Amino acid sequence: QAEKATPKQGGTLRVGFLQGSTSDSFDPATYNNDFMFVTNYAVFNHLTEFAPGGAIAPELAESFEAEPGAKVWTFKLRKDVEFSDGRKLTAADVLASIDYHRGEDSKSAVKPVLAQIAEMKASDDHTVVFTLTTGNADFPYIFADYHLCIKQASDGKIDPMSRIGTGGYTVESFEPGVRIKLKRRDSYWKEGRAHFEQVEITTISDTAARMNALMTGQVDVVDRPDLKTIHLLKRAPGVRVETTSGTLHYTMPMHVNTPPYDNRDVRTALKLAINREELVEKILRGYGTVGNDHPVAKSMPFFDPAIEQRAYDPEKAKFHLKQAGLSSLDVQLFTSEAAFEGAVDASLLYAEQAKKAGINIEVVRQPSDGYWSNVWLVKPFCTSYWGGRPTPDWMFTAGYSKDAEWNDTKWQNERFNTLLLEARAEIDQNKRAEMYSEMQRLCRDDGGALIPMFGQYVFALRDQVQHGELSEQWNLDSLRFVERWWMA
Amino acid sequence: MGRIWILVGERLALGVITLLVVSALIFVGVELLPGDLAQEILGQSATPETVAAFRHELGLDQPAIQRYFHWLLGAVQGDFGTSLANNRPISELLSVRLGNTLFLAAFAATVSIPLALTLGILAALYRNSIFDRLCNVVALIWVSLPEFFVAYVLILFLAVRVALFPSLSNIDPGMPFGELVYRSFLPALTLVLVVMAHMMRMTRAAIINVLASPYIEMARLKGMSRLRVILYHALPNALAPIINVVALNLAYLVVGVVVVEVVFVYPGLGQLFVDAVTHRDVMVVQSVGLLFAAAYILLNLIADVLSIVTNPRLMGERR
Amino acid sequence: MAVILLVAIIAILAPVIAPYGETAVVGEQYEPWSSQFLLGTDNLGRDMFSRLIYGTRNTVGLALLTTAIAFTVGSLLGIVAAVVGGMTDRLLSRIIDVIMAIPSLILALMLLTIVGASIASMVLVIALIYVAPVFRLARASAQSVVVMDYIQAARLRGEGLGWLVVREVLPNIASTLVAEFGLRFCFVFLFIAALSFLGLGIQPPTADWGSMLKENATLISFGDITPLLPAAAIAVLTVSINFVVDWMLHRSSGLKD
Amino acid sequence: MKTVGKDRPPLLTIRDLRIEGKSTNGWTRLVDGVDLDLARGEVLGLIGESGAGKSTLGLAAMGFTRDGCRITSGSIGFDGIDLARCGEHVRRDFRGKRIAYVAQSAAASFNPAHKLIDQHCEAPVVKKVMPRAKAEAEAVELYRKMRLPQPEGIGFRYPHQVSGGQLQRAMTAMAMACKPDLIIFDEPTTALDVTTQIEVLASIRDIVEQFGTAAIYISHDLAVVAQMADRIMVLKNGRTVETAETRTMLSAPQEEYTKSLWAVRSLERPRQERGTGARPVMSLKNVDAGYGAAKVLEDVSFDIHCGQTVAVVGESGSGKSTAARVISGILKPSRGEVLFEGRKLPADYLSRSREDLRHVQMIYQMPDTALNPRQSIRDIIGRPVEFYLGLKGREKEQRIRALLEQIELDPAIYMDRRPTELSGGQKQRIGIARALAAEPKFIICDEVTSALDQLVAAGILALLARVQKERDLALMFITHDLATVKAVADEVVVMQHGRVVETGAVETVFANPAHAYTTHLLQSVPEMDPDWLTRRTMSNRAVPA
């Protein structure tokens, strides 16, 4: 056992992923699936990374610190880092890489988050100073995001398609939508990382095929095994299933500005009419926990365990309906497997449960194709998911604040929005905790999101693949397994 | 012989027109689909601003007509343009995939066609016997099951239970031929099972159809054996419908194997096409669509020409 | 024959025969076969047996409707092309070529996303796609009929197109069309199942064999037989339909052995 | 004519043969206790009406039954072996090698996919009688004997590249390929026109005589059988009616049935006087017509008068049917016009009025293809009644009944049958009823009796004559059978190579033909005299071509 637990160099890691598409490219602004996320973390480095246990740790930055008020942040860079073509990393590379996502014509998903940077400059070759518009105690977290990889700059700009990074691996071949082959760099600056000699990541979008590939030993790691059959997969020789519970959660956003969802009692009735335990049991096969209609996960800072868990209560739901002046309720729930795996089944189950509360839910399945542009943010009641954000501030800002781009419930709560701004700049951790607790309650009781469950990240691997303590932010050791794991 | 070439010429000309219409239709279809490449790639995390910026970068803000003719102009010169999604030349993208697709289709065809014809002939020979019934039932069961299910069953028995063949067909262009065959064995077998029944049954039906002809009776009156009657006398006269069904199935093998490609992770054109459609990568959709349509038209043409060539009545000039 | 009758009866009497509702969650997931749940339960704890029975209705009914539309339109157009000939024939044939030259799943995807994915539009779109092969078949077989003297006699009588197509030609190519019907019918519900894979097919929780198969298909990888039930239902129906077709063909081929 | 040798050794001995066939209502007797003896080198003529069981018996002589038929009792002794009881491989071994078959329609019985020579050599090579090269050489020899043109090259053609008469000869040659002991000729000349028929008959007889092969010659044409057979056997409903030496049979038939067969040949009808002032109903004026570039009709003109029958005769391909097509408006003439009651008809039937269409009706040569197999008799006849005369319901029903009675079919039995459930003669009568249903003034009969046996044909002709009289119909009668012409026509139009070579009243033309071709045609009509063929071929050969 002890022998297995010590990292060993060598071997080829073969990975099978659900996602991956022919439209994939190395342009960090367009990364949109696990395949590219993982590739990104293998080939490039970031200013910070998630350490096991959920803490934020410096990566390319040697250290970072804030001036009081958390408005000005100084990041010191490592001096020994080389790109795979031998060039040394400098502050110019960092500035250009971040700038790429900030510009007027940026198409990057992190553009809204980076809007808080009022100014950034290099005070010397290895120091970068950020000045923010408002104080943000959680600022270093954003640099762990996969979009913000550091590429080489020339004339203050990066080549977005460039494959030259500072990471532990270099790209040997890449066929978008099919597979990528990575090769270990001998001169990787990070100690004790990048153990595999070669890594081959293949897109296996068919779930059964992915599991078969794992069982027949054609791949060593797969993501998202089929939960329906996971009990059977566990029995397969040489295979083990592991989980991490991160911030992933499944939601059913209601537009609070659209009748009947504009009535708080109706929303509450709908929230009470769902049997969360049964959903976790049948849809997630137990690989998850019940949600409490707010997006803060147990593992996140400032989660308030004191808030009462909402339970399935058809009678109380009926009561709330009556409060709203209704004896029964007919609603349409738009859904698709694109929302999350099992979304359609979850909706169907919910519909069956809600019948007991006098609520008729018509499940309208939509084409997977185009779901995010046609349904999400468009239909007043649908299924969706959030990968989650590492901090409550970031999570709330992205999906619940009044001018969030992805405010999928159209929720506009005055008190909540004020608290959000106050809490962000607050340094006193206790006060912060209080504020975040109130925001969680507001979200739970007044918000438009029905959040029935938090999902665990589930992955399966062959026995010879070993790893240390896992980081839980995202799937597969926060997407960093390529450089963190090893072959026993 | 001359008439054949005239026919081929005419059909090719018509084929080109069909291709144009198909490409235009596909273009319009993809344009009409909600969402565009910019939206699809940015996905859930898109904001209107970033989508607009991306659109501009991709040139998607130009009028559709202009983009179509730009592509068409290139395509006519053999340049399919570059994939908007990742800036790679489409022809390069296509050529590898096309090779793979053709390899798989050829593999499945070389197994299934002779097998289907043989079984069809034997079924016609021993029609209504146990053998015939059995052949039919087995073949029908395989067609009645969806391709993915056939694939799963094969994987279960030939890859998981008994590790004879790999369940993933991740082939590389550089692999030796034997390796290619080994790796694509299961997808090919799946396809064989899927297309067998149609061809076999048509062979059987076509042969039985001519068995009531006077020349078959004549052959029997000449004392020819049953096998010879079927092979030498019935088969040549039943070829036209058989050729047509074979062509149809070949077209399917080239064009319609997305599901099998997905299950076996076989990097063929089908996956590329579906991927491109879901991402609204119009140029790629167009180009693959064009290849598919061309394959279909070409196979149909070949079938028609073959039916003529194998029919002396249509071939030789009249006396 | 008997199987087909049985299927028809099941389809009509589904609510009477099925022990549980089509969508009712009545137990735990994947319960084994028992006297309570004859064929066990599915992934949401719905009774497999009941769903299979309701599935008969939806699957067979819809497939029948779709195939019927495809055959009506396809064969009528095909015969018209053969009877009228000339430009009409050429034009129709080219249009059909275009439909056939676009991969069907993609065509369905495009059309359905454009017109919206209701059951009605699904039926129509699949029907449209299958019009193409039916057209080709009908045209080819009609071409050998239209040269017959009795067609000429009808033309000389001054009959209109409708009469020629429906009363003179159609009855003579019916057996060929029926033969094709046997396989097409089964292709249609495979197609419906494939569409539900793209999120376009029959709306859940409606039970249909194709989707039931798809939903439980992964189980087969572990040798679990649950997915075999809908698969077997499909296979048995296909085989029996085609045997009836064979029998009809045999009768019309003129062979008596 | 050979003399019949009673002393020759027997080759085929059939005793009490019974064959049953499966029909919709169980098994029915097709051949019912037939005895037959055939000596080596003897030719037996087998005649009888359609459906009498001639082919069934002929095939049985090879130990062969069609699908759906079975031999229930009796024996078929061929050279000492009972073909009814031996194993299939024995029979198969005999077939093609020792017993050969010449089918009725050579065009249908040659496999369209293979060259003649390949089909010729198939039996000798497969049966290992001789090697391929020798078989080919012999084939050429046989072709030459059959007086086929280009005997060296013709074998390398496909069946469709060879004319019907030539195919029929090639089929006879093929039957000789293994020099069998017995050949069965199943109506080998029925489908041919008289001028071709005579050549084929002569060739067949030559070769049979030369090789001393025994033969069974099946036909329903007595005159033809008379030329070929030493002995004649008359068959009816699967039973032997009478067997006798050819000359005896011809001069003194014993049975009533045989006599009735004989009587058909002398069918005559009273000539009608043509009213001198009567205007023609239908006229062709200087018509040129053709298909594509090929010109088929050149300057064709003739008139058809009210109540009269005009026969159009000429060899196959001379343009008879083409003229009919021009009249009916299917084919547009490139020059000239069609006049109906003095009025010019539009060239294209699509632009003709319904009334014009009604008055020009057509009866087709092949009743099998002229009646829609999927419609009932009621529909077939009822449609023109409804379509042209606008009758519905009871009136229509009555009209159909009347028509069926007119063609002597019991409405109660036949009304709801389909064409496939009728005999050839009955089908043809339905075709006539359909034409009559429109109550037309003019009917085109395109070879309406060519495919029928004489008894049935006589019935049809009589029927036509009757309705013509009743309705004062004008008929255009296309045929290549001059006996029929004699029997029914008032006037005759003789065509050759798309031109009218002679017209006139039947008596005049037949008595002293003005054109050489007419003479040739007339001389080709077989006569009952068994020596006729010999005389004809002698004189033909005497006159170099």
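Structure notes:
To keep things simple, chains are lettered A, B, C and D as they appear, and every chain counts its residues starting from 1.
As a working rule, contacts are C-beta pairs under 8 Å (C-beta built on N, C-alpha and C of every residue); 3 or more make two chains touch, one makes a residue touch a chain.
For clarity, every value in this text was computed on a predicted model and none was experimentally measured.
More C-beta pairs touch across one of A-C and A-B than the other; that pair is A-B. Separation between the centroids of chain A and chain C, computed from CA atoms only, is 43 Å. Between chain A and chain B the centroid-to-centroid distance comes to 40 Å (mean Cα coordinates, whole Å). In whole angstrom, the spacing between the mean C-alpha positions of chain B and chain D is 50.
For chain D, the set of residues that touch two or more other chains comprises 67.
Residue positions of chain C touching 2 or more other chains, listed in rising order: 109, 113, 217-218, 220-221, 255, 257.
Taken residue by residue, chain B touches two or more other chains at 33-34, 148, 152, 155, 160, 212, 277, whereas all remaining positions touch fewer. Across the assembly, chains come into contact as A-B, A-C, B-C, B-D, C-D.
The touching residues of chain A, counted against chain B in their complex, run 16, 21-25, 27, 29-30, 32, 104-109, 111-112, 161, 175-179, 202-206, 208-209, 212-213, 215-216, 218-219, 369-370, 372-374, 376, 405-406.
Contact residues of chain B toward chain A in the complex are 33-35, 37-47, 49-51, 53-54, 56-57, 83, 85-88, 93, 96, 148, 152, 155, 159-160, 163, 166-168, 170, 262-265, 267, 271-272, 275-279, 281, 284. Across the complex, chain D is touched by residues 148-150, 152-159, 167-168, 171-172, 174, 255-257 of chain C.
For chain B in complex with chain C, the touching residues are 14, 17-19, 21-22, 25-26, 29-30, 32-34, 127-128, 136-137, 140-141, 143-146, 148-149, 152-153, 155-156, 160-161, 197-198, 201, 205, 208-209, 211-212, 248, 255-256, 258-259, 270, 273-274, 277, 289, 292-293, 296-297, 300. Within the complex, the chain C residues that touch chain A are 23-25, 29, 43-45, 109, 112-113, 117, 198-200, 203-205, 216-222, 224.
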